[in-house]
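Remarks on the structure that follows.
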Amino acid sequence: MEYGIISRIDYINALELTEKIIEYMNQFTDILVEESTAEHLDLSNAIDSAPLEEMNVDTLITVGGDGTILRALQKLDAAIFAVNMGRVGFLTEVPGEQVEEHLGRLLEGDYIIEQRSKLRTLKNNEEFADAVNEAVIHTAQISKIRDFNIFVDDVLADNIRADGLIIATPTGSTCYAMSAGSPIIDPRIQAHVVVPIAPYKLSTRPMVVPASSEIRIEEVEGRESVLVIDGQHEEKIGDDVLHFTRSPKTARFIRFQRNFYERVREKFLR
Amino acid sequence: MEYGIISRIDYINALELTEKIIEYMNQFTDILVEESTAEHLDLSNAIDSAPLEEMNVDTLITVGGDGTILRALQKLDAAIFAVNMGRVGFLTEVPGEQVEEHLGRLLEGDYIIEQRSKLRTLKNNEEFADAVNEAVIHTAQISKIRDFNIFVDDVLADNIRADGLIIATPTGSTCYAMSAGSPIIDPRIQAHVVVPIAPYKLSTRPMVVPASSEIRIEEVEGRESVLVIDGQHEEKIGDDVLHFTRSPKTARFIRFQRNFYERVREKFLR
Amino acid sequence: MEYGIISRIDYINALELTEKIIEYMNQFTDILVEESTAEHLDLSNAIDSAPLEEMNVDTLITVGGDGTILRALQKLDAAIFAVNMGRVGFLTEVPGEQVEEHLGRLLEGDYIIEQRSKLRTLKNNEEFADAVNEAVIHTAQISKIRDFNIFVDDVLADNIRADGLIIATPTGSTCYAMSAGSPIIDPRIQAHVVVPIAPYKLSTRPMVVPASSEIRIEEVEGRESVLVIDGQHEEKIGDDVLHFTRSPKTARFIRFQRNFYERVREKFLR
Amino acid sequence: MEYGIISRIDYINALELTEKIIEYMNQFTDILVEESTAEHLDLSNAIDSAPLEEMNVDTLITVGGDGTILRALQKLDAAIFAVNMGRVGFLTEVPGEQVEEHLGRLLEGDYIIEQRSKLRTLKNNEEFADAVNEAVIHTAQISKIRDFNIFVDDVLADNIRADGLIIATPTGSTCYAMSAGSPIIDPRIQAHVVVPIAPYKLSTRPMVVPASSEIRIEEVEGRESVLVIDGQHEEKIGDDVLHFTRSPKTARFIRFQRNFYERVREKFLR
């Protein structure tokens, strides 16, 4: 087992906790530290570090919020042990104050792996890093709507004039997509949800589409828009054709107890 | 092939069209007429009739709107050839004025059968007719909310204080459930959606649950409510336990051309 | 100054607090106890009691939640000193545990009176008790929608097929109406809001109408519905004509500090 | 009476109709043509033209959609005779094909003036052109939410994390604000509505505030956002303080018959 760690670097408490985790882990095993995280730590012992994209580890400990996880998963494919040190924490699992107990269980293999499906985005034929949560297409000019044709398996499913569209996985259904009106989708369901942002036609509703279907989206007049994947990767688009499908890969999260609905109740539906 | 027919009886145009359909069909085959429909017809020739629950036919021609179809499917299990003579027509397929052409295709077998999953409802251990669209649980006292615990596979998924809850199939997601905020769910997705009606907690969202999961609902204080299945069957409930699962049976609709999204575009998203 | 008191009688803590309030008040002044409240108290001293509709007091102390206040205001017109002993408390002001301090301020006149506009309902020409929150018109048959014409100052403003309609004051905009989609309306605005419950036409939106306008509602086919005022008074309706106007009277609440937005923040937007 | 005219210049049918209007008007009176409109016309006779901001006219004929009207009203203060040649037409009054009849009534004074209130925006102490519809504050980084404090008359009314906020007049309540969830607000009501775009807190609701109140909005961390007024004027903002109040001026529209609700029914609630 190869272990790695990444922390948000703008929050001193996250960095301090990261130092403790490294010291704890070093009693038992090596741990590779993400490069910019390493630069912000204050450790007496030498540590191994590498840029995110070169971290060839089995398990990545993330110390931060959902953003830290999403950023890591854009660059590497590892099981995520997610310590919550952020404001938004729907993907995170371990509260900062209980980290030592859970690290013990991690080292003993006393956990389960939860697999979450990912969304693949193609712009024309260019492929981007998969999304754990969502891809967003949004007008590049605030308060100038765009006109989208949405095809499901080559059939025109809807024409939507809106600020933008969100194409989300079940995991993403409880994140940004939900702010725009998505339902909660149980992650066991093989589906994607298309959610309009501020649609002109008031009767427009989110659309839950089989993950096995291909969703194709075209901006009718090819005007300037922005594509954002998991809030991390941003890309200009115009008269491009966007395809969305289920990725052959999954995101893997190390879980210790709770099921999806306990998580929803606890973290979200306040 | 055994054919049957049922018409709404409160609309003279539907009855007249029913007479024409019977005359057309009688040129080629027998057709069994639902009893109360038969009583409202004005036909010179003798016709065979039977109560709905005794109509042992392969194909049922329904002349009316969605209500006529739902009423029929509460009592028998046949492929539905649905002629639209109603205001609400999401399940219907054939416009009244094009019925002869489609009857020809029906007799020649030139059509496809679309299968739609159904929802099974158990009150304590009593089983009701399956729902094509939805089961509704609603306070029996207008403007007095109820307090529901919702369990998914025995895990408390949410506690919702609301006027009521709708548990809908994908087919039902575009009917009553949609008025209460359901997304559009592609009927190929194996799921049910739980939609609250006027929930007290403003952050409550519809929840899309695998059809393979068991949904259990209990009114916390056991106060008087009403259970309605497909707008047809009504049942008083109090401190009963309600279970919802996928039915082992499906509803079958005779379709001539359009796919789900064309149907959605055409009939619904106006 | 004549004082009265009413308590919810189904909650022992509310009754106990009511006893303490009576004892406290009796040190300084008389206090008239609502009849059914009096029957549930366990006081050594003799108390004066009267039915709600005969309580001719200037100030009524209510011990309970919003329901207790709304019930009292259906029957009498007094300034309300609202002690919160209920789950739902948007109209209430004084937390149960701080009641003595606030009674002191009440007796010294150290408070302000907040006036809230009320809604008058006429069925044909029959007048009901005014609503502080809302009037609800709802189908009497669960999951059978009704077809309403809504006129504003004799102009057809909309035709809505829905389970029901809520006509709310600004005070009511944050109560039941909000569960059905109402915006928050600042109580200084002279307006009523018409909010549909589960409307068939998905583009339907709540409508904010001047309080000086007359809203007239007719069920197109005159089918059986229910009219409920403030969750208290229930009335069957069919092919009746309902008129809604601003009442010439106001509801008056004794307030000690917070303004509307502090109240909204604290109690509602959780 | 001084008359002027402006047309959208990207739509040949609008330009052709503009030519006809000028010829018709020239039989009776002079008409000043907006400069860029004039450059796109193909007229045999000499015409007077001027830039929009120098057109000192009493009545402006606009040929286009709502965008043409909003652009004109950013620069001049005239009664608007609005000919509909656009897709979006909530402010427009006269269908293109009935223009001659209505020009006759215009010249005879056979019309009414409808006044609509406007919204004034101050950034720190800098004042912009008033909005007829709305001011929008929106994150400058797509899918990175912002954190807004909203004060009403110096009281913190809400803290909202969202993509953006819309502050709309009643006129604007049926335009962009409605796509984000605004109710319909009768234009006789003296109010502004604050509508969040994709709010993180799911319980957030639009807020209707008296037009006489001052709304102050501050982005908590002063991060980069964009302010857009009536879809016309765009402005970068960061740690600025924005104030919104009712403008002392009104927009004036020439109307021939219909009242607000007929307009809503006809153009909007489809």
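Order of writing sets the labels: A, B, C and D. Residues in every chain begin at 1.
The rule is simple: a contact is a pair of C-beta atoms (placed from the backbone, for glycine too) under 8 Å apart; a residue touches a chain by one contact, two chains touch by 3 or more.
No experiment lies behind these values; they were computed from the predicted model shown.
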item	value
Relative to chain B, chain with the most remote C-alpha centre	D
Rounded Å distance, chain B centre to chain D centre (Cα mean)	46
Rounded Å distance between chain B and chain C, as computed from the means of their C-alpha atoms	39
Residues of chain C whose C-beta touches two or more other chains	178, 201-203, 205, 269-270
Touch-based graph of the chains, sorted into line, ring, star, complete or other	complete
Complex contact set, residues of chain D against chain B	201-203, 205, 270
Residues of chain B that touch chain A when the two form their complex	152, 155-158, 173, 178, 182-186, 188-191, 193, 201, 203-210, 213, 259, 261-262, 264-265, 268-270
Residues of chain A touching chain D in the complex	88, 136, 138, 140, 142-144, 162-164, 176, 178-180, 197-200, 202, 226, 228, 231, 234
